[in-house]
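Structures for review follow.
Here chain A shows up in two complexes: once beside chain B, once beside chain C.
Right, the complex of A and B next:
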């Protein structure tokens, strides 16, 4: 049986606290970039298009990278302290490389004005751009560095779990599909979910790395020419998978941590294995829905995109969300801030997931694609889902079970944050339904008066809710920092 | 279905369906807050929830299949298109649209054309859309400012989009794929007579 020493647990805890503090610093900074973008669209400030697109690129790259990295770090901590021995040096290696990558991206965007958006569609970063070639090069190299970090972390995590649980097939839960041997070790759901989330991530990062090397070759040899449709498939596979697994990584925590508050075990069984193995397939093939408006894409892929996107709702809702219901129903759970974070996060995932399914309908995508409906749905499940899961984990690190039940400041900050999030996102949904295009620095150049004015008005209202959600976030930070500093003082006294 | 489409735009339908779904999620969350007590043993609570899950599962599978059957009949792709009354060649470029009547035999860069064109109403128009530089998106906004159809304008590829303008007026073309610094002012106009 696995024994993880208290010293090792302490080391892993220190690492995850470093990740948490990094998250708490970077996250509001990236929100402020979003606030500036909405204020510019609302015509309250004038950034200029070049600055807007620079901020848009940093906001997108930063958020996608930060949320994935923290979701990975959270899994690393929970697996490394409960399920498998992980090498802490690999953990710090990942942290350092990600930090170097982030600094590189910040320089490329804020100083080099790199601004092709977080998923850059070939050949955009090379044609008709207003930033110097060095910033494109620096951004590509920074992304490669982050890719190396994530690949190393994933390979170590999955191989350590594989060693612990007797092979890859056991990590996928396939032993539950045959007659199990007597005394065979149970597979904790978090281990299976980690595998099912991170193995597609491995594929995505390998494809992403190939794509980035192609970009680098293009930068060094401008006469090269790659197929734009192939490049679009590569970038969408990478981007979609990254965002998708970010969410699933966090769902892994819910399986591991919610039972601590409901007092009910959440065990792996045959249904759970079928469900998550189906999710594995869906993660890999859903990305086709990003290319519906590329009529040149083979039609079979378009059908697969819609069928897979629709089907992914089945395991997500019938198994995981019903699993949450079965955990909570008549459990006499005490609603502290941690289980509330998880429950409302799952609700955000459900709402964002549903609006994603709506947009994954080809006939609907024809009139919603690249309108504000798109940021609406991904902000719902990232901000209203992933971020709440992350905050739940940070509260788990800072608060004891009793403290999180009683902490009224944390609860107040949480509800202010959640309500503001959904009002802020509501402006995106409304924008999508009013045909407001996404990724517009402002709407002044649109010759349709109603679109221009509605877009600007919704952006202004959204900016107000961003300010409110920042206040809610800082109130939660206050509650977290107080408890963390108390823990630090207590451990200092203990060590003296 | 036809009745449904006549009265509601796709956007309105999406809004109604999403609002209902969102409201159901909120109601479930409220129910969960209130149903978390009294305490019941795990086996009996699980049995109740799983009984409901089985029903939900079959209802969802039915909805997914029905949704796919209904919606996959309305696709914008060439195999669903019919014989057009007119053809227009369209080139997206940083940061303007070029329209030319008929099928252009020139390269996208060489094709000549302006950012405005006049077309008839109630005739099926086929737009042959491509790009001379980066990715753009050819999006048609109707006279009420509602997005009604779109396709990507991609270098090296030609996407065929069909649309019948139902009434005269000025229809605007916006670019819906981020294509560089002046993306937000890349507009064109179709005068429909």
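Right, the complex of A and C next:
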């Protein structure tokens, strides 16, 4: 059985706290960018289209990168303190490279005014742009640096787990599909989910690297002209997989941490293995639903996109939700802020996932694709799902089991945050249903008066809820910082 | 022999360069028994190998290697050295570095291959457009094979380190 020394646990804890503090600083800054964008759409401020798209790019790239990185850091901590020995230097290496990448992206967007949107759809970064070529180059190189960081982390994590559990097939849980040997070690669900999330990530990041190399070549040789459909397939394979596995990485924590509050074990079994192994395939092919609008894409891929998107909703989602319900039903759980974060996070995943499935229906997508429905669904499972899982983990680091049950400040901040999130997202959904287009800097140019007014009004109301959710977030931060500083003082006294 | 290799772009890029690399790799098996390369030196040498590949894919370098004898010899020596170091480095370095090196190499091959197939201007004056596009399509195939090989190596090799 694996023995992880207290010193090693302390080191891993320090690293995850550094990650948490970084998250706590960067996350509200990126929210403020979102607030500015909504205020601009609400016609309360006038950023101008150039600045709006710069902010939109940084907000999108920043959030996708930050949430994936923290979801990975959380897995790293939970695996490194319970399941496998991880090299802390690799952890710091990943942190440093990600930080360099983030600084590069911030310079490229805020100073260089790089603004083609978060997925930099080809040929947007190169044709008729109003930003200098160096900012495009810096953004591409920064993304490559972050990609190398993520790849290093993924390879190390999966490799260390594989060493601990006797090979890759055991990580996938295939030993549960045959007759198990006497005394064979149980596979914790977090280990299987980590593998199933991160291996498709590895495949996608390498394709992302090829795409970024092509972008670099395009930058160096403007006469080049790549096939935009091929580029979009590559971008979406990379981007969709990144966002998808962010969610699954966080779900891994729920499997590991929720049993601590319900007092019930959450074991791997055949059903779990079948469902998550199916998810492994679905992660790789679901991205086709991003290309429904591309008439040149072969029809077969469009159908595959719809079928796989529908199928992906069943195994991992349904099994996890059923698992969560059976964990908490009659468990006498005390509803402190941590289990509530996980439960409401799973609800956010379910609601966002449902609206994603609705949007992945070809007939519906042809109506909703270019409306605010799309930001509505991904904000639901990212903000209402992933962010709540992350906050749950940060509370887990700062609060003891008893403290999190009693901390009224944290609970107040949490509920203010959650209610504001759903009201804010509600404005996006209403926008989608009212045909308000997405990716518009403002709605002044829309000739249909009702659409213009509704869009601006919904954006103004959304901005109000963003302010409220920021207040809720800072209240939670206050509760976290107080507990973390108390822990630090206690450890200082202990060492003296 | 050298003339035959330099006759078409495909032979030059996908036969001659890998052949020199392979010769280096075979020599490297012997070489690796006698030399231990430290981690930091290994990383430096991997960067050298990566830059060697990039350098000999540049159109101007390809042209010069065809028309200038000394440049051609420099290319042979460079690829031989790259191959010579590759095995001892890959044997002694971290598993993570190995996979990233192979993965990034596959990404570069795919990206270069696609670029060569779509570019309608002649990049190397020593060859023609048809050869350029053919070389590009073979690069894509080589890149995809290496990509699959990287994933396979990762899955098979993880846990054995």
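Please note the rule applied: the second predicted complex is superposed on the first by the 494 of 496 C-alpha atoms of A that agree within 3 Å, B and C clash if a C-alpha of one lies under 4 Å from a C-alpha of the other, contacts with A are read in each partner's own complex, and residues count from 1 in each chain.
Just so it is clear, a contact is a pair of C-beta atoms (placed from the backbone, for glycine too) under 8 Å apart; a residue touches a chain by one contact, two chains touch by 3 or more.
Just so we're clear, the structure is a prediction, and the values are computed from it rather than from any experiment.
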Fit-or-clash call for chain B and chain C when the two complexes are aligned on chain A: fit
Which superposed partner A:370 touches (first chain B, second chain C, both, neither): first
Contacts of A:6 with chain B and chain C, given as first, second, both or neither: neither
Partner chain in contact with A:155 - chain B first, chain C second, else both or neither: second
Which of chain B and chain C A:335 touches, first, second, both or neither: first
Greater chain A contact set [chain C / chain B]: B
Partner chain in contact with A:227 - chain B first, chain C second, else both or neither: both
Touched partner set for A:183, first chain B, second chain C, both or neither: neither
A:344 touches, of chain B and chain C: first, second, both or neither? first
Distance in angstrom between the closest Cα atoms of chain C and chain B, superposition on A: 12
Chain B and chain C contact sites that coincide on chain A, given as residue numbers: 227
Residues of chain C defined as touching chain A within the complex: 95-96, 99-100, 103-104, 106-108, 110-112, 114-115, 118-119, 121, 143, 147, 150-151, 154-161
Of chain A, residues touching chain B in the complex: 49-50, 53, 115-117, 121, 123-124, 127-130, 227-229, 232, 264-265, 293-296, 299, 302-303, 306-307, 310-311, 313-314, 317-318, 322, 325-326, 328-333, 335, 343-344, 347, 350-351, 354-355, 358-359, 361-364, 366-371, 373, 429, 432-435, 437-451
Interfacial residue positions of chain A with respect to chain C in the complex: 90, 148, 151-152, 155-156, 158-159, 161-168, 199, 202-203, 206-207, 209-211, 213-214, 217, 221, 223-227, 230
Touching residues (chain side chain B, partner chain A) in the complex: 9-12, 14-15, 17-18, 21-22, 25-26, 28-29, 32-33, 35-40, 42, 45-46, 48-50, 52-53, 56-57, 60-61, 64, 67-68, 71-72, 74-79, 94, 133-135, 137, 139, 141, 144-152, 154-161, 172, 174-185, 187, 189
